[in-house]
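Chain lettering (A, B and C) follows the sequence in which the chains are written, and residue indices restart at 1 in each chain.
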């Protein structure tokens, strides 16, 4: 516990934790101050996400390579999962899907792009393990195809007239994606692990927490993220309207940046330290995890938690952005090395997306 | 002849030949038993296709590298060509096009994917000649563009209002595709043949038939395939309906799997023997041949054989599947090596396609 | 001046300069002879474009590497810019956009394809600097995304109902593209210049003109190109109609081939001399310049010069052609070497585009 407090004292980002009780009180005191609640909940989730990922890593480090790898691979995006679950529970499927697609695109383009840019500004040319990057790129490619194919093969009228078709297909594809994700773990953690060495262990120069503390933090913080996420989901749309932001911009950009803030801090810092393997691993690994694990798990959970089953039919614009992001991943990882301009180009694509979504007039 | 009988005795697959007379008799005896005729004709085509490809290879082996290469390159997909011709003759252009697109997608994704999976499960990492794979991938890419461009540049209304435009364009593109295919043969068999060595000759550990036997088999089996294909084409749609399968699933998946069954046996067995060059060559070569030779030849022949000229306008979903398959080819062949997970991923994409087509409600 | 006259005497292409006064006189004498004016102006622009690019190169060679590189990078497509400005001034935005997209596609597919074909027919296998080609391919990819994204994210109805959205987005993207282009120059000419060595200097075996002559030619010829372009723009549509050519074919193919004629001569001659670095640099560099500099500059200038602001919304078919051309660039440059068949394939894609546009019935 003293360890936890020491870490909080030494990490300025974690001082934002003080906002967690503030937002919980504010919601009771002023349930209609949507913009205030939105801003407070965003700022409160950021340090909670950092704690969550810190606790997950510590549990992973204490439980050995295989189980640790599995834990990282399943709980690594716990924050995104909890936020999406809160939105799922509230029946806000458009927000859920936007946040999934936004998280994939943000992780690939913004997190990877800025990492390469920051790293490249400090180091002339940086190299990274092509095998890891290629594996993630392939996983992302298959996931993109999985959400692309139904909307290409079935025209819009067919889909609308046959909700049973969409539901059955989404279930089937979700199961398939989870199976692929599992096989990918088997491949990279077990049968061909020597090809992917280096990426996982590189980042641990922080003190590893004792297992008991890590588990307790994991449990406690999960509850706090859940409570804060609920406030966030309830306030986000009305706050966005009063801030003049469209729902597309909020779902794709703001929610995604909030959810991924903790990993971004790690990825950027690793890039500065010339550990590009780690940055690329965090960015692409996180995107692949959301696409092949979080999204299909949400579909399956929607049958239990949501008011009605959620499908995997995305807005065509979201599919296009995911496809572009995946193609860029394939092109970049092919080279296996990077300079600042590569990062600048990838970030520029993200800026194009964000700018378009920001200017996009709301659909009436 | 004794050689042929010996080969039939020793190859269990060829025992299915007994169904050839059965299906011919059944058609006369019970012309309305569509489902029975469909199942029988499918099972009868499989061994005939195997004999055809065996005879073609033997003729090729007896006629020297250059002419042999040409023969393999033109008659290698004789089964697909005959089935398509039967459908063309019956005016079933939707089935013809579905079987062309389905054969390309099945060869690339299913044949290549399962080959890499089977080979990878036995051998840790497998290498293959990148030059051959890249040549085929490029040919496939150009062919996909050729069928994609007209439907992108001309909107649906323009096409419908101007059948002359579509017909002229399809003729022009068909001639161009055959010319490209011919140049590709010139390139790989003549001007730069040393870059593509290895792939063609690797598979011939079977006894090469005498030329006379091979030619006689080629002629005789072609007639039998033609007869059986006619029964298949006549029965397939009604059989599909009574089996609860949509026309898209039948055209893209079932016809394609039947037509390619013989090559699949060769490709899978080569992969198991760690001769990945041969597997990749069969899968991609066959797909390229269908795209750049069989399909345009069918367009040209439709002017003579069909009730009306056939065009190269494909269903957008078919074009999308071909494009995805081609992109996957480019990504995979770029690496030049493979492990089991690569095969699993490619097969997974095929499963996504097949699942979607299976669930797709029939268009009313 | 004597140097200039000597050069004109020795270069048969420049004898066409005699047509410049002819076309200027013809326009006054027979302002309604559209087909004649069209043919004359096309033939007059070709030698002027050659002179312009010769003068730009000489100024660049005289002003040192850095400023020279910048000059080449901004004035290298002066002809295309002037023609487009003439069309912009006349309010012919459809022609402007077609000529931009057509120039990109023509430079990538026709100029690069024929260069590789010509070079490959003379030299067995040719190598080129992958870094330069990859940088240009990346720039082109980002530019294509920039024109693709708005039309994918905003559906057609939204765009039509919100001209303010399209105008704001086009402005923003134009500024971003110019910034990216500037950063690309910084990267290739300054911070990482040693990776891109060789391409710029290889071609200068011609006599470098004195600075004064070069500047005078630059100024004088710019005026002549402007005058001729105006005649060209005024006559092109009616001439096309009477020649039986659709506006799409004229905009994408004819204008693009005319504008790029001078660079083509250089690129083809370099390929024959086995200086593929130079050919690839001219073709892709010119395409990137049009996409990331000429096009956004035209958008910005349209606010001053044109009757109304021009946006960056392209016809979907144009975007598709640009996307295909960019993907081909990525695939080709990845290899870093080439043989004649690669050139033949790329040229074949251009032929497919040209054939489709030629046959395309005019939209009523």
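The definition used in the following text is that contacts are C-beta pairs under 8 Å (C-beta built on N, C-alpha and C of every residue); 3 or more make two chains touch, one makes a residue touch a chain.
Since the structure is predicted, the reported quantities are computational estimates derived from the model, not experimental observations.
Enquirer: Give a one-word verdict, same or different, on whether subunit B and subunit C use largely identical residue numbers at their interface, taking over half shared as same.
Expert: Different: fewer than half of the residue numbers at the subunit B-subunit C interface appear in both copies.
Enquirer: Overlay subunit A and subunit C by their C-alpha atoms and let me know the rotation angle in degrees, rounded to the nearest 5.
Expert: To bring subunit A onto subunit C, one rotates by 120 degrees.
Enquirer: Please report how many Å separate the Cα centroid of subunit B from that of subunit C, as a whole number.
Expert: 41
Enquirer: List, in ascending order, every residue of subunit C touching at least 2 other chains.
Expert: In subunit C, residues 334 touch at least two other chains, as defined above.
Enquirer: Using the touch definition from the top, list the residues of subunit B that touch subunit C in their complex.
Expert: For this pair, the touching residues of subunit B are 134-135, 138-139, 141-142, 145-146, 148-150, 152-154, 158, 161-162, 165, 168-169, 172-173, 176, 179-180, 183-184, 187, 191-192, 330, 334.
Enquirer: Under the definition above, what is the set of subunit A residues touching subunit C in their complex?
Expert: 124-125, 248, 316-317, 320-321, 324, 328, 331, 334-335, 339-342, 344-345, 348-349, 351-353, 355-357, 359-361, 363
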